[in-house]
Amino acid sequence: MWDFPIWPESASTVAPSVEALYLFIVALNIGMTALVFGLLVLFSVLYYRRADDQVPPQYHGSMLLEIGWTAIPTVICLIVFAWGVKVYAELVVPPADSMDVYIVGRQWMWKAQYPGGQREINALHAVLGKPVKLTITSEDVLHSFSIPAFRVKSDAVPGRYTTLWFQPTQAGVYHIFCTEYCGTEHSRMIGKITVMEEGDYQKWLSEKAELGDALQGRKLFAKLQCVTCHAGESQARAPSLEEIHMKRIPLSFDKGSPVAPGATVLADENYLRESIRYPSAKIAAGYQYPSIMPAYDESLVSEDEMFQLIAYIKSLKKGQTPTRNEHTTTPTALGAPAGRP
Amino acid sequence: MQVTEKKHAQEAHDDHGHGHELAHHFVSVEQQHDAGNLGMWMFLTTEVLFFGGLFAAYTIYRYKFEKVFEQASNILDPMLGAINTIVLIFSSVTMAFAVRSAQQGKSKAIVAWLGATIVFGALFLGIKYGEWKHDAHLHVFPTSDFNWTWAREKHAEGEHGHGHDSHGPELKGFVFNSPVVPANYIESDSRNPEAKQAKLFFFLYFSMTSLHALHMIIGFGVMAVIMVYAWYGYYTPHYYVPVESVGLYWHFVDLVWIFLFPLLYLLGAHLGAGH
Amino acid sequence: MSTIITSAPALAPASKEPGQGGGVDYLNHETSIASWLLTLDHKRIGILYLVAMSAMFVLGGFYAGLIRAELITPKGDLMSSDFYNKSFTAHGVIMVFFVLIPLVPASLGNFMLPLMIGAKDVAFPRLNLISWYVYMIGAGFTLVALIGGGVDTGWTFYTPLSTTYLNSNVLLTATGLFILGFSSILTGLNFIVTIHRMRCPGMDWFRMPLFVWALYATSVIQLLGTPVIAITLALVGVERLLGVGIFDPRLGGDPILYQHLFWFYSHPAVYIMILPPLGVTNELISTFSRKPIFGYSMMAGASLAIAIFSFIVWAHHMFTSGLSPYAAMFFSLLTFSVAIPSGIKVFTWLATLFRGSISFDSPMLYAYGFIGLFTIGGMTGLFLSTLGTDIHFHDTYFVVAHFHYVMVGGAIVGFMGGLHFIWPKMFGRMYPEFLARMSAILIFVGFNLTFFPQFLVGYLGMPRRYHEYPNEFQVLNVFSTAGATVLGVGYLLPLLYLPWSVFFGEKAGRNPWGATTLDWTHTESPPTPHNFEETPVVTGEPYKYDTLFNKESALAGH
């Protein structure tokens, strides 16, 4: 009637690496524990007090032994550390061909957005053998997105993006847990991830088809009047966003700007997000500080919409910036208070 | 443990006549003096880390929101900060003289120098109070009453010669009877993320300066007690740990201000960078 | 029992003092309630702490019982999720802040430190009493908050949940803990000055018992770490009051900053909990094997090394929080640095036992339990300091099991050993030895039954702080709860027989264990109000047993 597993399922490419390391440390644990318990028992049997006035020989130490039990554990620790870093590198660096899925945590549910615009709550679908990269954030408090069967986990932190990737190796349904305590119904913030064959997956996608993320983002791009300044021309008031994703951008070190001369930044999702929320934080070279762009906070661009905008910016190829609509006004008026000079 | 015995009970009490000079659990006056002194240094170490948490938060947010922190720093008056720095340095000097008097056993001089220290300290707090009152009129207290749009506008007016009295005295607000902020200012703040960042600056500003002021007020209390004891000749060249300890404490409080002043008042903008 | 030593303390001072049991001691020279509440005597203050912390321990244990009862079944059928969250918060807050952190230093440390270094009292007796009152005031605030409505943040108070999203008594609890922090700071300050300035003639640094070294290392952490958590909790409180966003990203703040500040204290706090029991275990191992500690200076150095390293490893609690990979590697490497001195300690004890004369009095049984559980607790830490495995284990029951092995298997079992060791000195009476051994064995068995299954369920992926859980985790949870009942009985026994023995126990001599430190050789059991009639002068090392049965000195002492 009861399941009684002591070994979690191992269903991703990284899981065997984590397990090998796990078993190595388990072996170290058993070895050390056996040594300590064994010697305790052995010494107890050999050296129990036989007479009340027994006085044993009084040793004070041995340099050789002391150096030995400092040096040997140090070497073992360094081996474990190095192995841990190797496995960690596998865990944090996603393959280039990963499919993007965006995850937003909120009390108490997980919302997933697919590139094709499909959305799910407390559920995720993935293709057997295809890597998936999750970009995770939170709308309210800290959460943590965990799939034990894949041995992956990443916190959902409000105000920034974290990432996590996996490549399923076994079809099936696995647990998704929230592992960071997030309030009353923390233990109900759970879900399932379904790993399916490519064909089933495409069928499932088409059933849930909606307007893609990038298309939604393009609509927002127009609605928020981004195009007024980010016009994609060299004389525009703001840098072109075409093919900007994952480029290294030289930064402006204009008077008062908080960056060092010569600094650059990698235009990853976190930078794009930061530049929308806090435009003056890191300004591209050639543009004035502080930025003329208004800051778009949660009331203007929600976390869901942020993902759509970023999906659009990532998809923007050379020459694809939409033409400017003459009837729109500049967005600088939007954030500027009435009485401000 | 190998141990021999030593008669000590007599020698400890023989040298010095005053009963209060040596608590029963110390062997000698030197031991007691060293213990008191070390205890004070340990306490100050703790205090450094106590302020340290705030300094860490300040450093991180200053880096993160440099522009707004500069603008917010501009609201403060560096001249008043500088005057206060000088006042506190004077109070440290008078405190040093108080400790010197204690070492020489001049009881009345201790009272006089501590009195002078309290006067300088009070002058500092008076100037600080004036600053806070002005801050309240600018609505920079980090409560729900905070308004960044108003603060910048009124501060700019003040700098261009309108003076602080020009804003309407007919309206009553949250603290110090400051004027109520019109609705359109609240509206504009709510759409400006920089307002939140500025609020962080002022939160840190008020936390650090009020924690500092609290330390000064505690210092006043301790000095007052010591003045009473000193008046009745309680301290001798053999026993003046309390005077020395309050001296260390006071120098520490001054030192904290020496760090606060440039961090909060002189954030670069005043040094010529401008808006 | 070692009857020879009881009747003839080998190293007793030559002077004729009041006979055992008949004279004035610190317990009977004044007996009014006021004489206890206004006492400046470090021994009485130690007992005040002991009583207060025992009460808190029972309360914290009660909440632990509620948690284990709820987790018997996968569904939340015993209590609401809200009440469950409040229970584990109460359990964590009480056990961490009101029991474990002050446990050994404030009770055993207060009692033993001046006795061990040949002083009449700590450097600042009045401050010592104030520390206790500050503890009680902090406890009062927190208990009002926890019982009158509760707080459901978890003992870690992570932001922005604690600052913006919860409506429970966060402010009151934070106030209580803020106040409590000063108790810890003042005790640490007092101990540091005492150890520096109050040692008796001849007691140089390397003649101090190792428990004193451990207290010294602990006090340094208390002094440097506690103010940071105090100001951090104050910021949480003010953020709630004023709506300023130091830690809330919606208001411009950074929730990760809170974690940095919190763990900057709370990781070293783990060593505040474990270093003093490590120290007291030295006394037990040495005394009950009649051997000097093997490699004394290495052991003393290891305590200081742990204290220093503890301040540079805090971010290993944050490997999944989006920390940069380089920072993660850095903190992982540093974390291993704590493993080395911990290992040295275990090996040192084994080497001390080698060719010793080992007796199995109940304190020694606790010491054995301590070494075993601390080894498991420490070794399982490897899974969590290693980056590749920590990602999977972070915030699962594996972490819960690990830190209970260190904090309960280590700190509480070590404390119990120390308490049973010091008891005859404290009250001049022996407890029923058979019951004490039973309790030591029950605690060891019950503890392993409770927490070992949690390692397994953690590896399966069961997250911490879950009110409900998937069905496949049930069997292991049932084991765990069953073990907890055994553990509960193990704790209940001493709560009964120790108070009984204060009044009805067999009289203990001044040195029933044949220990060689000043507290045993030069004070009565219980000690006189001022500890030493004459200031002792130390001429040799703390652990030296070959003169113990020297016939001449034994005769001279009688």
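Each chain gets a letter, A, B and C, in the order it is written, and its residues are counted from 1.
The rule we apply is simple: a contact is a pair of C-beta atoms (placed from the backbone, for glycine too) under 8 Å apart; a residue touches a chain by one contact, two chains touch by 3 or more.
What you see is a predicted model, and the numbers here were worked out from it, not measured in a lab.
If the chains shown are joined wherever they touch, the resulting network links each chain directly to all the rest. Chain pairs B-C and A-B differ in how many C-beta pairs are in contact, and the one with more is B-C.
With centres taken as mean Cα positions, subunit C sits 36 Å from subunit B. Averaging C-alpha coordinates per chain places the centre of subunit A 43 Å away from that of subunit B. Residue positions 254, 544 of subunit C are each in touch with at least two other chains. For subunit B, the set of residues touching two or more other chains reads 64, 193. Those residues of subunit B that touch subunit C in the complex are listed here as 1-9, 23-27, 31, 34-35, 38-39, 42-43, 45-47, 49-54, 56-57, 60-61, 64-65, 142-144, 193, 196-197, 199-200, 203, 207. If you check the complex, the residues on subunit C that touch subunit A are 2-5, 76, 81-82, 85, 152, 154, 156, 158, 160-161, 164-166, 249-250, 254-256, 289-292, 294-296, 298, 320-322, 325, 328-329, 332-333, 336, 339-340, 343-344, 346-347, 350-351, 353-360, 368, 371-372, 375-376, 379-380, 382-383, 385-392, 394-396, 456, 459-461, 463-472, 474-476, 544-546, 548-549.
Subunit B contributes residues 63-64, 66-67, 70, 149, 152-153, 156, 184-185, 187-194, 268, 273 to its touches with subunit A in the complex.
On the subunit C side of its complex with subunit B, the touching residues are 11, 13-15, 119-125, 127, 185, 189-190, 192-194, 196-198, 201-202, 207, 223-228, 230-232, 235, 238, 242-246, 251-254, 257, 261, 516-518, 521-522, 530, 534-544, 547. Remark: subunit A residues 255-258, 277-278, 280-281, 289-290, 295, 297, 299, 334-341 touch subunit B in the complex.
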